[in-house]
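One structure is given below, represented as structure tokens, and several questions about it will come after.
Read from first to last, the chains carry the letters A, B, C and D; within each, the first residue is number 1.
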Amino acid sequence: MADQNSSLSHLDLETPEKPFLDANELVINMGPQHPATHGVLRVILRLDGEKVLGLECVIGYLHRGVEKIGEHRTYTMFNPYVDRMDYVAAVSNGLGYCETVEKLLNVEAPPRAQYVRVILTELNRIASHQLWLGTHALDIGAITPLFYTFRDREEILKIYEKYCGARLTTHAFRIGGLQYETYAGFEKDVTNFLDFFRPKIDEYEELLTTNRIWVERTKNVGNISAQDCIALGVTGPVLRASGVKWDLRKAQPYANYKNFDFDIPIGQNGDTYDRYLVRMGEMRQSVRIVQQAINGLPEGPIMAKVPKVMKPAVGEVYHSIEAPKGELGYFIVSDGSTQPYRVRVRPPSFVNLQALDVMCRGQLVADVIAVIGTLDIVLGEVDR
Amino acid sequence: MGQIIQYIQSYLDSDLTPGAAGNMFWALVYIMLVFVGLSVAVIAMNWLERKILAHMQVRLGPMRVGPHGLLQPIADAIKLLLKEDIMPAEADGLIFWVAPFVVVLAAFTVFVVVPFGPTHAITDMNIGILFMLGVSSLSVLGIVMAGWASNSHYPLIGALRSSAQMVSYEVAMGLAVVSAILMTSLNAEGTGTLSMIGIVQAQQAQHEWFIFKFFPLGLIAFFIFAVAMVAETNRAPFDLAEAESELTAGFHTEYSGFRWSLFFLAEYSAMIAVSSIAVTLWLGGWLRPFPNLLSNSTWDLVFSLFPGITFLFFAAICFYNAARMPKHPLFRIQTVGLAGFGIVLGLIGVILFIPAVSIRAQDIFWFAAKVAGFMYMYIWYRGTFPRYRFDQLMQMGWKVLLPMGLGVLVLTASVALLQEKLWHP
Amino acid sequence: MVAKLRNSYGSGMEPLTYAGQNYMVVDRTLIPEILQVLRNQEQFDYCVDITAVHYPKREKQFDVLWILYSYARNERIRVTTQIRDGESIPSSVPIWTGANWLEREVYDMFGIKFDGHPDMKRILLPDGWKGHPLRKDYGILQQDNEWVQINLGIESGQ
Amino acid sequence: MAPVATPFFFYLLSGIMLIGGILVITRKNPVHSALALIVTLLAQASIYLMLYAPFVAGVQIILYAGGIMVLFLFVIMLVSIDRSVKERQFNSQWIVGMIAATALGGLFIAVFMKGKNIFPEHALPVIENDNTQKVATMLYGQYMFAFEIASLLLLVAIIGAVVMAKKRI
């Protein structure tokens, strides 16, 4: 093929006779096996000393062909696969997929199912942000928050385990509602978790928010303007930290988010510190949402009337939700058979990762680590 | 034969360090003692760091090898010794081989002048502090050699980072040290000293630790040193050279097994060395707390009890934890081991109550206790702080600490002069 | 908006709605123009996704579609066009920077080339891989055994 | 106090210095040369110690071995080693260099042979403990002016280096 190995050609990776100093430009390869690339991301950095001139991401190491698999599975069978994309926010993936298929089938999950979905999804958002915080802080050198966040994330995972038996790739939702009624004591568990977790957010913030080194490492690092965000299609906390007050939960409410009262935390500068604050704020808002959902959890059925063998009418539907990382969209084309004709996943991490180049130019190598961390990418979702 | 015994005995009456007295036998004994003590301290430090850090981070740390993981460092040492020694194919063999030894040599040689007591030092050099700073600066060489000889990008960048860092912070460190040395000259003759023992004796003579001297000047100088020494030893939050998330392991990425453990050994003994400098210069070295306020014989007696009490306290902790061990037959060995360890500690404590022993040992005890405080701070920093970025670190060294050090130096000199002119005309 | 576009482009564009979602089928020739208009005049400033669907039985085998969103109007729209196999399509990177990787992925998965794309090469699959896996004629167990043998040194990845 | 400065140590250290010096100019790899130079400097510091000049020895270690040579290494390591190894060891000035070295060597030998006449008085051994204080009084008393001039010169050099290195100020 003509473009064989062309990814490196313009970067001059293989120039052994070129001496270090004369080149004035050092090409460093980071990853795919590198502790700070959060999986198997490979970044080729062009450096001038420690300053980044530009970078190129090489992705696809974790490509499993999820979209292709989707075309060969029935609608129900494909549901567990989506959990494997963004595996730290598996519940959100499931929610997006189920709602998209529900749209195709023109059914709606009953209110109780919707409430439970919101509870689990928001808990998942907290868990995802916790994992992000721990690893991001670890990249910047603060090792302790990782253990704190994992300790608290454990409580969420315990709730999942009690609810559906799985902790990470939960497959919690079914098309049309839920498979399982909540277990006895579910509400108490969730309430206990919320009471337990509220002071824990303060604990994280105590360690980091006013920590001088943390502030110096994150303020004015990886800045990205709102215009750039929009042009690049960046969504989620990254967009909000740049000052765009846009959250799909408010803009185009899905599930029953319109029933809940919550704020959208935003930042001004679009730097790493603002993104940190936005995510911390989102955790607090998620706690609020879960509290409201627990208080108003209605009784009733948990499954809508859905045919055993799903054959949606011919048509195509795009539906997206606000996943912890940004807009997670599903575009499903149905040809009237039991299997989707085409499943397209619009992965937030994939699109957000494009912004890495813009955010890193002119920064230092150490900042690349911070920026990769702050983008909160999951390679399972980038590569699918 | 008798001559030899006499040679050995002759030192016992002397009140000099073996080096200064020219007694080679006792110098050798002291060297052995310091070497063994240091190795034990590094091993203990290894265990303590993992344990303390673990407890800060809501986990348990090593628990399997020995009671509460007490034998973990030994197990680790054996593991490291048995590991394959890998040398990269393209590495510069000789330099790669020599580098860890240079680092270890530099880290251990400084202890020649560390004063654990008025006579408890291998030797008392006239240029003691200069010697310490100089030799410890040689470890940069080892790091640079290691990074370069590995012939790989990450170690090279790690080595460059740490050498740049160490060279920069040495400047601020030196200025802080000079301001403390300046304080030693505040006596009747007006002559200061660079000797480590002399510095502590000056604090004794002035009835004041230098950290409190000319408040807050001494404190600021101490602060500068305390920051610079963390940078100097490449520890968190200045552990850029071994920033795991950026450079995998920094200059020793390519090292493995025994050679790697030498770097590890050197890192910890360098930590102890710089802490010793800080203790000697500002915290009164081997002097017990409040030597001037509570200075009658009763207090002397009370403070002489501390070493024994400390060891008894450790022993009590051991017994308490032995009693808390699960009552399962499989835990019997661990329980017995922990209790045995407690008994050993308790015995040491009891021995330390014997006046003859305690008088000789309490200097060492206070010195070690102060150094231990610094070691705890090292661990604490590591648990709390994120890592500085390289330019920020340089900025801090050159734009904050260096001007501060210069200011403190000038102020100290001025205040000293004024004091001489005004209060003691 | 739709009416306005309809007026200016006539039969080249057909607005449709399914499940409450608006989309328009646009003639291949109108593509860069209509996207430009949508971006600049109708404020669809966020290119959510670019993807394609393969219909091997049709003469124009591929549906290429843009999913757009307007922050100002809080509205989504899909623009679909049909192209033949081997036909290329103007890149929308000049319109939305973020289209870069999305178009590369379409190229990677379907083999649809985008003219004027700054860096048209594979993104998820390795360079030099043969075949475009999301085409319907690419079997789910199929893989480029030659590539696997050369680059991974194993007989087969399965 | 027994004298440490036995002839044995003197010859040992001098030998190390000589070997180090030869290695500096014969090694093709500049890093090896720099490291050999460090060995030479350290041996030299030890000779200072034997001369009862511990302060100079300490300063030698801190400044030369610990500071300047590290910066040297710093620069050398960033230069491509492969190329310098390929380069010829001797350039066209080697004859001039050889003559200069021979002349200097001859001068040293002459001084060594007639040393007693040139320096009629024995250098008095200074007590080790007073050495540092002596250096201090000399520097800040008798040679105050020269000392300050030297530091001014260094300051000028630093500023000059900054001006030349920095693209825009």
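The working rule: a residue touches a chain if its C-beta (ideal position, glycine included) is under 8 Å from a C-beta of that chain, and two chains touch if they have at least 3 such contacts.
Predicted, not measured: the structure shown is a model, and the values here were computed from it.
Undergrad: Tell me, please, which two chains come out on top when C-beta pairs in contact are counted per chain pair.
TA: A-C
Undergrad: Just grab the chain with the largest centre-to-centre distance to chain C, centres being mean Cα coordinates.
TA: D
Undergrad: Need the CA-centroid distance for the pair chain A / chain D, whole Å please.
TA: Chain centres of chain A and chain D, defined by C-alpha means, are spaced 61 Å apart.
Undergrad: Once you find the CA centre of chain B and the CA centre of chain D, what distance in Å lies between them?
TA: 31
Undergrad: Centre to centre, by mean C-alpha position, how many angstrom separate chain A and chain B?
TA: Taking the average C-alpha coordinate of chain A and of chain B, the gap between them is 46 Å.
Undergrad: Could you grab the centroid distance between chain B and chain C? Build each centroid from C-alpha atoms only and quote it in angstrom.
TA: 64
Undergrad: Can you list every residue of chain B that touches 2 or more other chains, as numbers and ranges?
TA: There are none in chain B.
Undergrad: Give the residues of chain C that touch two or more other chains, as numbers and ranges in rising order.
TA: Residues: none.
Undergrad: Among the residues of chain D, pick out those that touch two or more other chains and give their numbers.
TA: 78 - these are the residues of chain D that touch more than one other chain.
Undergrad: Which positions of chain C touch chain A when the two form their complex?
TA: It comes out as residues 18-19, 21, 23, 45-49, 51, 53-54, 65, 67, 71, 74, 76, 78, 96-102, 105, 109, 120-130, 133-134, 136, 138, 140.
Undergrad: Can you list the chain A residues touching chain C in their complex?
TA: 1, 3-7, 59-60, 63, 65, 67-69, 71-72, 103-104, 106, 228, 230-234, 244, 246, 251-252, 315-318, 320, 327, 329, 331, 333, 341-342, 344, 346, 350-351, 353-354, 383-384
Undergrad: Quick check on the complex: what are the chain D residues that touch chain B?
TA: The touching residues are 1-2, 29, 31-32, 35, 38, 54-55, 57-59, 61-62, 65-67, 69-71, 73-74, 77-78, 128-129, 131-133.
Undergrad: Under the touch definition given earlier, write down the residues of chain B that touch chain D in their complex.
TA: Interface residues on chain B, with respect to chain D: 22, 92, 95, 125-127, 130-131, 133-135, 137-138, 140-141, 144-145, 147-148, 156, 159-160, 163-164, 167, 170, 191, 193-194.
Undergrad: Which of the residues in chain B end up touching chain A in this complex?
TA: 53, 56-59, 153, 236-237, 239-240, 243-246, 248, 382-392
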